[in-house]
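One chain, chain A, links the two complexes that follow: it is found with chain B in the first and with chain C in the second.
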Partner chain A sequence: MNIDPNRWYPIASSSDLPLRHVFHGQLWGRELAVWRADDGFVNVWENRYLHRGVRLSIGLNEGRELRCIYHGWRYANRTAGCTYIPAHPADAPARTICNNTYSSVEAHGLVWSALDPLDPFEAPLGLADAQSFALRPVPVNAAPAVVVAHARDYLFSPDGIDAQDAQVSLISDDGTCIEMTASRGDLAATLLLFVQPVDAGRSILRGVLTQNPDAPMAVLRHHSQAMSALRDRIETIAQQQAAPAPLEVTFAPVDEELAKMPARAGSGPKAELRVRVARKREVALDVAEFQLEALTGQLPTFQPGAHIDVHLPNGLTRQYSLINAPGETDRYTIAVKRDAHSRGGSNCLHDDVHEGDVLATSAARNNFPLRRDALKTILIAGGIGITPMLAMAQTLRVQHLPFELHCFAQSQDHLGFEHILTGFGTAMTPHLGLRPDDTRARLQQILRRRGEAEHAYICGPGPMLEAARAIAAQQGWPDTSVHFEYFKNANTIDDTSSFEIALARSAITLQVPAGRTILEVLHENGIDAPSSCEQGACGTCLATVIEGEPDHQDVYLSQSERERGDRILTCVSRAKSGRLVLDI
Partner chain B sequence: MTQACTDPVVLDQWHPLAWVGETVAGIVHETLLLDHRISYGVDACGALYVWHQTSALPDKAPFEPSSIATNLPVRHEHGYLWTCLGTPPERLFDVPEFEEVDRQNVYAGSFGVNVSTGRTVENFLDMGHFPFVHTGILGDEPHTEVKEYDVELSMERDEILATRCRFYQPQASLASVGGAEVEYIYRVPHINCALLYKSSPGYEAEGRMDVIYIFLQPMSREWTCAHTGMCVIDLDNSYQGIRYFQQVIFGQDKPILENQFPKQLPLDTRAETPIRADKSAIAYRRWLSGKGLRYGVTPAVA
Partner chain C sequence: MKLYDYELSGNCYKVRLMLTILGLEYEARLVDFYPGREHKSDAFIRLNPLGQLPILEDGNLILRDAQAILTYLAVRYDKSGSWYPVSEPQRLGEVAQWLAFSQEITSTAGAARLHDTLFYKLDVETARSRAHTLFRILDEHLWFAEAGNQNWICPGNTPTIADISCFPYVILSEEGGVSRQDYPAIRRWCDRLKRLPGFVGMPGVFPATPAPTGNQSR
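Now for the complex of A and B:
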């Protein structure tokens, strides 16, 4: 029996996947880690973390993510993408680190997979989910071909009572699935018997009855005994034959990009994905939530704090934070506030985008990563600034890490998001209808410094953010423990300077004239440089400064990062010196 | 079937076989080195012998040095018996701390591990796993960060040195009280031997450090005997207590090591995904690649 990578085989019983378990399976010599997430999805992954090769089957199934037992890396349900690397808590995993996955379908009480399927899974004829009845699997120490050749001699009875006077007839045999019926008098039962090729010299017999039996226990017992007898016969035969050569399993190399330190992404805002608006609903006053699903395939992995670029039907591009909880990988969920001063972004989404519409978006990108090594995390949200905080708070709650979520809003109706916020219990405090002075007083209380290793995350309107940052600094918070995200850059950009940029890695020198940005000059000269908001708020176009003095005009870098002078947002910031050397 | 080792890079090395202090004298001991069955023994005067196994001198039988047909090279250093199956190098790496009189040189035991020596060295150099594998002892969540550290390859001494390694530890050693950030230095002076130096509780001011080591015996490509021990200034804790502490740590590492695939160390840069915390492991893999090692590793595709 030759390896057929295109063919679907049963590789586990549904009952092998109890809550939060990771099952160790095998197909054609390849080890599989099979685990069911709390949302029901069955993941079939190569049984090896790509970081240091440790088996995934000894990892922890946390319901939404699988956690590596060795280094605590987290991998998302469905996508198998890495969402957190504890050794570098301040960084979002810079690359799309992803475990190798196999296709999986759960049907008829079995989990099915194929190494490299050509076609989608199709249930064998005669099986209907409501009626099919999976038997206990029986492992056989014999080559798959030997098992198939003898499995057709299997004898069984239709009702679990002695098989001797039953008529058993073979209906079909396609090399891996044998269909047979047993009858006695009026009684009849149809059995599909599958041979799972484990490796060169081992197989598993997996039977499914097409009808629910009247006496399930008796039937299960009958088949267990009959299949054990079949196994003994086959193993006796197999022992007289030469042992088959073991299957050589090769490990696919990781992507070249993953083998190196992070590379820079390509130019400009990205629109690589096509998504369908699966659901649109109001979740707070003037706030619409959009659930976006992939048209084909799988949406790329995200982490809390991540945002996407949404390309709108009217030609504008806008950034929105994902509010998804960990493991909610079948969709991207964003929430959009109708802005009275909208330049066309929020109005377009509110008025012109409906359920069923298709939008272009970027993959999730994270410039606002959440550390999980804090002894306490303080989340402060103002207005629609709640969106990244919802993702962060849900992550912290799932991981049982201590946090406080403070939500500033005009009223309960403006706050909204009841379906998520109620889950946080006393960790969430609403601060409603406060005037600026009261807001400041409340922030002073919230940002009382209680101890070391605390981190604060703030997202909200500009004035509130400025106030919160100033208060934190006054009350002794180190700059490195206060993380923030602005909606937009309200600074007036002064683009009157002109200067030279030298690109150290590309070994070229370019002139940036007044009225043009560094980023524009890079793009005009065919140099790949990623960007997203292009107004100095999101951090996507961050570059390293090797030499020269930057003229910071963004709202992304913290004060100490600005003072260090070794980073620059190329979309708005410029040079005070005549020349900047950039690590590009 | 495993083929005998023909790789000169590993054949021409000294390999540790046993802690001499606990080797029963006068009888034959058997072991495996690079897929070769070999025997060793200590005679009544304390002289050491190593030879290819022969049916004339079975395991645990009394032996006379005169009955050994051909002796393999031997060396008694750092408390261990070392031998070589190829051309023995002139010197073995130095560990000056072993000579200091106010230290205890504690042998913590020899453990069989079903994995290559390379994987075992890499695990020894790794700090990222402390909170997850040695929970409550060498690390504790949420203190998971591996801070930037320096790695250099000393050309002159032909060894890897990782310095400025810092990690939060709840109980860095038996003598520590409470958690603290501990500073480590790692040394890899031999393809199968690694040592770490960590601040010794009570002696930080003097800058003296405890030494913990693993000397690995490559029994086969995917089978290692790890000889472990430490050389400490801790005079309060008993030999037995220190030994137990190290055994607990190694007992936590062993099941992880034995679940790594492939079991041989992949040297191809595209085999696995590194992060900044793996700097020392990357340097180690590159160093082995540069030596042209083939035994117990999957060589990089040229």
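Now for the complex of A and C:
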């Protein structure tokens, strides 16, 4: 039997995959870690963490993520992308950190996979439209071809009662799947017997009956015994021959993108994905939720706090936080508030984008990452600033990490999101209809004093964030423990300065005149620099300052980050010195 | 209670597991099993002429043999009476049967581990091959237990000392070169056992995630 990377084989029984378990499988020498997420999806991954090569099959299935037993890296359901690295709790893992995955289909009581399928899975003819009753699989220490050759002589009875007078006849044999029937008198049963090629010298017999038997336990025991007897016969024969050497498995070298510094992203807001609006519904007063599904393939990994750029039919580009819970990797979900002062973004989504429409978006990008090592996390949301908090709170809840979620809104109707918020129980406190002074007093209470290793995450309208920033500072919170996300930069940008930028890596020196931004000058000179909001709020265009004094005009950097002077948002900030040396 | 204990011993681990699951306080007297061979010293031979770990001292009682200690602890201290069901002759017989089976696992999978990790001289290929034979039997047994909605080695809704006694040298088998890849039902049973209240690990034994809800133990 030659290696057929295109062919689908059964590699596990459905019953092998209870929730919160990792099954250890193998196909053509390649070890597989197979795990069912709480949403039912069956992940088939190469059995080796990208980090240090530890087996995934000893990892922890946490329902939405798989956690490595060794250094605690988390990988998401479906995407296999890394969502959290405990050694770097404040950073979002690079998108390129992704385990190798294989195709996976669950059908007829079995899980099917192929190393490199050419065609989508199709049930073997004998199983299409049939009931299916999976038998106990039996591993055999013999080459797949040897097992197939002898499996043709498998004897069984239709009802599980051992009897010599059962007639067994071969219906078909395609070299991997043998279809046979057993009959005695009026009784008949059809069996599909698959030989899973585990390695050069190892196989697994996987049987499926095409009808549910009347006495299932008797039939299961009958086949387990008969297949074990067949296994013993085959192994005796196989032992007389030289054991074949195990298949040499070559691992794809680590992606070049991972091995070197990531390539710089192209310029401007990204639109690499095409998504369909699978569902649009109102989830709060004037707030529409959009569930976006990939047209093809898998949406890239996201972490709590991540946002996407959405390119709208009217030509505008807007950023929206994902509200997805961890493991909800079959869609991106955003929620958009209709803004009375909209420049056209929210109105366009509300009025002109409907279910079934196709939009261009960027992959998820995370400039607001959530630590998972805080002894307590305080989440504060003002109005539609609740969106990143929903993703964060759902993550903390499923990880059983202590948190408080404070939601400021005009009214219960404005708050909305009942379907998610009820799940938080007493961890969620609504603060409804407060005037600015009352809001300030509440914030003072919430941020009363900082306990050990507490972190606060705050998203909402500018004035509220400014108040929270001041209160937190007064109450002694270090600004490394208070994390903000602004909707927009309400600062009046002073772009009257002119200065020189020296790009250390590109070895180019450019002039930034008054009225132009650093980012614009970079783009005009053909230098790729990623950006998203282009108003100093999202953090995407962040660059490292090697020399010179930045003139910060953004709302992304914290006070201490500003004072360090080693980073700059190139879309709005400028230079106080005549020259800035940037690591670009 | 005092347990003569060695951190890397699977037989001592059986007793530690039972003690913590039953919530019992005990004092560990650490024995220099390797490389000091303290268990073969005169003082130790006076406690256990077989020169083996573990030994439990409880008042005037000095008890050797992990299975014997499990039996004693369960009957004496398990108020629920579930770990060693003295009033159910049939289950009790099955418990005894699987205790004997656990000794077989120790002398095969456990022996292979001694060979690989503490350099014991023995026929490791035979030990591994016999361990696989035992694992095939245990896997089939547990597969049919699951098919009958049973979680544990002996019939009934609760685990018994047979589960505790079989677990350590099963879960440590890979340290002796005995893979459990071909025994998915054993791997699931190991997860269930790790979820028991009071479960503790040891070097080489990793934790399991909690079951998604209280009543879904598998």
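Note that in this section the second predicted complex is superposed on the first by the 573 of 584 C-alpha atoms of A that agree within 3 Å, B and C clash if a C-alpha of one lies under 4 Å from a C-alpha of the other, contacts with A are read in each partner's own complex, and residues count from 1 in each chain.
Basically, a residue touches a chain if its C-beta (ideal position, glycine included) is under 8 Å from a C-beta of that chain, and two chains touch if they have at least 3 such contacts.
Keep in mind it's a predicted model, so treat the numbers as computed, not measured.
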Checklist entry - Where does A:372 make contact in the superposed view: on chain B (first), on chain C (second), on both, or on neither? => result first
Next on the checklist: Applying the document's definition of touch, where does A:87 land relative to chain B and chain C: first, second, both, or neither?
Outcome noted: first
Next on the checklist: Once chain A of both complexes is superposed, is A:97 in touch with chain B (first), chain C (second), both, or neither?
Outcome noted: first
Item to check | chain B versus chain C as contact partner of A:527, first or second or both or neither | outcome: neither
Checklist entry - So, A:217: does it touch chain B (first), chain C (second), both, or neither? => result second
Checklist entry - So which one touches more of the residues on chain A, chain B or chain C? => result B
Checklist entry - Should A:69 be classified as contacting the first partner (chain B), the second (chain C), both, or neither? => result both
Checklist entry - So, A:294: does it touch chain B (first), chain C (second), both, or neither? => result neither
Next on the checklist: A:58 in the overlay: touching chain B, chain C, both, or neither? Say first, second, both or neither.
Outcome noted: both
Checklist outcome for this item: Shared chain A footprint, chain B vs chain C, residue numbers 31, 58, 69
Item to check | In the complex with chain A, residue positions of chain C that touch it | outcome: 136, 140, 143-144, 146-148, 180-182, 184, 187-188, 191, 206-212, 216, 218
Checklist entry - What does chain A use to touch chain C in their complex? => result 12, 15-16, 18-21, 23-26, 31, 38, 58, 60-63, 67, 69, 136, 139, 204, 217, 220-221, 224, 228
Next on the checklist: Which stretch or stretches of chain A touch chain B in the complex?
Outcome noted: 31, 47-48, 50-55, 58, 68-72, 85-90, 95, 97, 251, 253-256, 258-261, 372-375, 401
Checklist entry - Okay, in this complex, where on chain B does chain A touch? => result 122, 127-129, 131-133, 141-146, 255-256, 259-262, 266, 268-277
